[in-house]
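There are two complexes below, and they share chain A, which is joined by chain B in the first and by chain C in the second.
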Partner chain A sequence: MQASFASDSTMPKSFPTTLDVRTKLFLCVLCSLSAIILTSPLALSPLLAASALYALSTKNIKKVLTAYTVVLLMLSVSAVFIVLLDMIWPELAQMEFRLFLTPFLRIGLMLNVVLGLALTSRIQSLLMALKSLRLPSLIYIPASVMIRFIPTFFNDAKQVLQALKIRGYPLTLRTTLLRPLHSLRVLFAPLVFRALRSSDDLAMAAELKGIGLTGSIVPHRRQTLRPRDMMVLALALGLAAVSFFIQARCGGFSIGMH
Partner chain B sequence: MIQLQNATFTYPFHPAPAVQDVSLEVAKGEIVLLTGPSGCGKSTVVRMINGLGLHHFRGTLTGRVLVGGRPVDQQETSDISTQVGTLFQDPESQFFALDVCDEIAMGHEWRQVPPKETERRIRQAAKQFGLSHILDKSILTLSEGQKQKVALASIMSLGPQALILDEPTANLDPESTEALAQTLSELKAKGVAILIVDHRLYWLRHLADRVAVMDQGRIVAQGDFKIVDNAVLRRRYGLRKSHVVDPRPELLPPDPTIEHAIRLHNLSYSHGLHPIFEDANLTLPLGQVIGLLGPNGVGKTTLAMLLTGLHKAKKGRLIFNGKRIKPSELLCRSSVILQNTDHQLHMQTAWDEVAASLPRKQTGEKEKRVQNLLAKYNIAHLAQRHPQSLSGGEKQRLVIACGEAKNPDVLIMDEPSSGLDGANMRLIADCAQDFARRGACVLLISHDLELLNSACWYALTLPLKSSTLKEYSYDNNVFATEYHPRKDH
Partner chain C sequence: MHHTEIGDNPLALPRIHPAPLKRKPHWPVRDLIVIGIFAAVVKIASLGIALIGGGMNPLTLLAKNAVFTSLLVVLLHKVPRFGTLTLFIGVSAIVSLLLMGNAAILLPVSLASALLSELIIMIAGGYSRTTGILLGVAVYDLASKGISLGLSWLIMREQPALLLTISAMVGFGYLGALAGLGSGHLFVKELRHAGIVRQ
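For the complex of A and B:
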């Protein structure tokens, strides 16, 4: 069964929905480790390109592009501040494109794999997979709630944008430039309150559903690792190896922001 | 099964208790109705029983609350949930899974029910609540009524010993309400203890064994159902009617020949691969309150969205007073009050919220206009409060005040009386009629028979049948609506 929040019996199934949730979790872990270790934009690019294809193959193109837009917005805001900082205190801010780009490539990489997981996985399967790692409930329940929160947040954002149109505050480039503070307020005030309420609701729902009540879950539909999962895992490991090779050729390894 | 003995509950950082000295008992095989004005503490009583008040909200409880003979402070919320199933006022807030089937299955999976048995219970619950055709749908794409059914199916499939239902019929169509009453009657016969918290009283006339009326955190009256037949008591505590006649058979159809109207021709729209409207035509006369009726999930809210361009139709022409316009133009002339008010409040105070909704041209007497609107909707005393800090009923009235501030030609209200007490429901009904008298077209999407009875003059029943323009005349019953003239209009 398809489990994406955008899932609908009328919508075509996507490739990531057919993958086992453990495969998707492995991709997240592999990419997060790569994001920590790889510092060169060139080394990050093969993984970034593959993960972008993976995210887009969920067929939730609008949501993926929305997430990219938010990341680009963050990039623009931080670029403005770095330029300002460079003007005021040149010793502190080094205006080097590579140093600036790497953190955002890492964000992009993680965004792709987390969206792939959140938009195409059954929440029960995710809970089971995390539980099978023998993680304490203090970790696997909040982790599942976080993943479950992503579709709710997209849904809230959609409804807030709809409400803005209804109230006559359309968020266009013109209105954003002419009244930036007003635009931020009308978008973020309801979104923040909804996000807080939704996270609280999810926590209550989890308690009332008895999540964490017993030692194990008895799933009514079991997922199994299939050849396509093995293929994806092999491809991911291969790409990671290529990225690490490029990193080694480009100047070695170090763990840090840049 | 459920016992409250002189129970008082105070939320953290609140100086006064939300519920004071409440004593109430729901025995096995008994149905108790808890009612009272909005904000009187009914939902807090629910949280005291299901453990959320103590364990999630971390409030202070004095007195005793017992579930299954054990105090709630000695049980975890998840333990209590194995005995007591709770339905929230907003069904979406209790969903954890992402599609209907998983949502029903989740409780069973964590209770280690064998997979085959889980499948059987899912099928049984889906059949009982008419959900079989939407089992693989995302819960976020469902109508509010369908969400309420999913929440009910999820709880009842677990076979709890006790049920707490907070406004269980707020989004259900009258037929589903009747079916729910039948189901509850069967559960009662099986010995399940049921506490129902509701403003709507009429459907519980032959079901409730006892009624408790709350006001300002206390139980002020308790007895059999007859106590709410007392008009003085109902007026004093702002309760709804205890007997409601179904007005739907008597509501007039909108007259398609009327000159001043909004017309929609050859409307076609599909949700995914499922057609919702195919070449449908409809007329919405100005200066009238029109009830938009139909079973849950038939497309009532979708129609409102299509009218105002919030959803894009595959095909269709919109005519306003004889002139073809775009749906987005109609949106500029409309106020749309959606069910979820949280998304529609943006400003720092209730005052700013209404002021921001006034037309930009209106500069003179702006303050007076805002003041009048806040007073009209009984929220003047909340003018400086943050809109998101208001209660559900207060938010609802604030959003309607904002809608009125815009002075629209079209007012669309989607289940505006959901969760409102009698006094506030009547306020909404008066407001709708007032708008219509001033020449606006008021489209009221509601299953609330009491509101329809008080406010509506006309009704349009979905699903609309496909037709061609040639067939479009008053005499030809092209909308498949049940056209019955209403005697008192």
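For the complex of A and C:
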């Protein structure tokens, strides 16, 4: 997640950066729940348009477009498999355009809000938001570590790939396709080793800091929801209500079935 | 450090009274951190495999399940105690819920499956036995997939043909999960050799 690398100095000033992380988390939850329930492309379109504006307002156009390209590639490969399935077993694969469009719109909606969160939030803010949910330490500590570890894992993966290249085994698409199991092994075995080493280091650091032994932790900065957060929340709820209204008028409600 | 007492001898080292700490928690921070790290590794690995393979096709389905069960076997050897699996599943689901919101429906199902498999591990000899752990992970994957399919039937009961396709894909994915048990066992052997897993 790009959020892992974001810091105040490197982040371009944009509208989403001024929002509270809890607002952005709420947008993610609201949009993904709406994406599960809504089935009509028309009903999904208001939320999709607003979320696209939200993602583009991060001013990271290149990264947003890269994410879209990756998702498009992924969906294209999936579509090829559906076409193959249709050739083998035509009763099971339905080749209607609408059945391809709705999942794409859902993925686009969720991608937009997750990009808005990831490109404009600092890890520290995410951790503080988790803390403000008053979860027990049993949940809070692993959840924080999980979010915090993601950038370290990406760095580890980069180092492992570089090491493979130096040793004369570059992990390209060709080698992955020709020897998938071997590629998986040479990539994942060192990554698991490094992850376990990192967990030992982190555990030592946490124990030295006394994490888990003290009852109350006072946050460095207190997070408060500002009027603009309230406005965004109200707008999101309003748009979701409009989408549900369109769904009720045009398509009715069904989860997962048409 | 709160108080120091010097006494009569000015050269004597000060006696240090440490601040009172709360009693030792049931779950050491070390174990919680390992669980968090594995939750992250599983998430990224699944995402990476899906992206490299171009969505959910038979090959990525096998690879994703194999990597998931391998990592689960390693985790249960690294943190061999009752509740590890349930906590791992719970934490992953909460973070997914916050970021994507789509784990809400499957959270109770996954937690129930995790508890069931932990009970099976205890019956099969506890976390000190590799066989019990392998059996527990196999049961967890089977139970979570089975109960999820049951929920899918509730949603798709009007068109059972669709459920047939999904069941076939899930069954195929389970083959990957079973293969992952073997590779996880090999991983654990390597990790024991490296001194990372001591059990």
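Keep this in mind: the second predicted complex is superposed on the first by the 160 of 258 C-alpha atoms of A that agree within 3 Å, B and C clash if a C-alpha of one lies under 4 Å from a C-alpha of the other, contacts with A are read in each partner's own complex, and residues count from 1 in each chain.
Following the convention adopted for this analysis, a contact is a pair of C-beta atoms (placed from the backbone, for glycine too) under 8 Å apart; a residue touches a chain by one contact, two chains touch by 3 or more.
In this text, all values refer to a predicted model and were calculated from it rather than measured experimentally.
Within the superposed three-chain model, A:Q247 lies out of touch with both chain B and chain C [touch as defined at top].
After overlaying the two complexes on the shared chain, residue contacts for A:L184 are found with chain C alone; chain B is out of touch. Once the two complexes are overlaid on the shared chain, A:Q159 sits against chain B while remaining clear of chain C. In the superposition on chain A, A:S32 makes contact with chain C only, not with chain B.
Within the superposed three-chain model, A:S40 lies out of touch with both chain B and chain C [touch as defined at top]. Residue contacts after overlaying the shared chain place A:N112 against neither chain B nor chain C. Using the contact criterion defined above for the overlaid structures, shared-chain residue A:Y169 touches chain B, although it does not reach chain C. Residue contacts after overlaying the shared chain place A:P142 against chain C, while chain B stays out of touching range. In the superposition on chain A, A:L73 contacts chain C only, with no contact to chain B. Shared interface residues of chain A (contacting chain B in one complex, chain C in the other): 189, 193, 197, 202-203, 206-207, 210-214. Of all residues in chain C, those touching chain A in their complex are 21-22, 25, 27-30, 32-41, 43-45, 50-57, 59, 63, 67, 70-71, 74, 78, 87-88, 90-92, 94-95, 97-102, 104-105, 152, 155-156, 158-159, 161-162, 164-165, 187, 190-191, 194, 196-197. Residue ranges on chain A touching chain B, taken from their complex, read 1-11, 122-124, 148, 151-152, 155-156, 159-160, 162-169, 185-186, 189-190, 193-194, 197, 201-214, 216-222.
Interface of chain B with chain A (complex): residues 50-52, 55-56, 77-79, 81-82, 86, 90, 92-99, 101-102, 105-115, 118-119, 122, 134, 136-138, 140-141, 271-274, 308, 310, 331-332, 335-336, 338, 340, 342-347, 356-357, 388, 402, 406. Only residues 25, 28-33, 35-36, 70, 73-78, 81, 91-92, 110, 114, 117, 130, 135, 137-139, 141-147, 149-150, 153-154, 176, 180, 184, 188-189, 191-193, 195-200, 202-203, 206-207, 210-215, 255-257 of chain A touch chain C when the two sit together in their complex.
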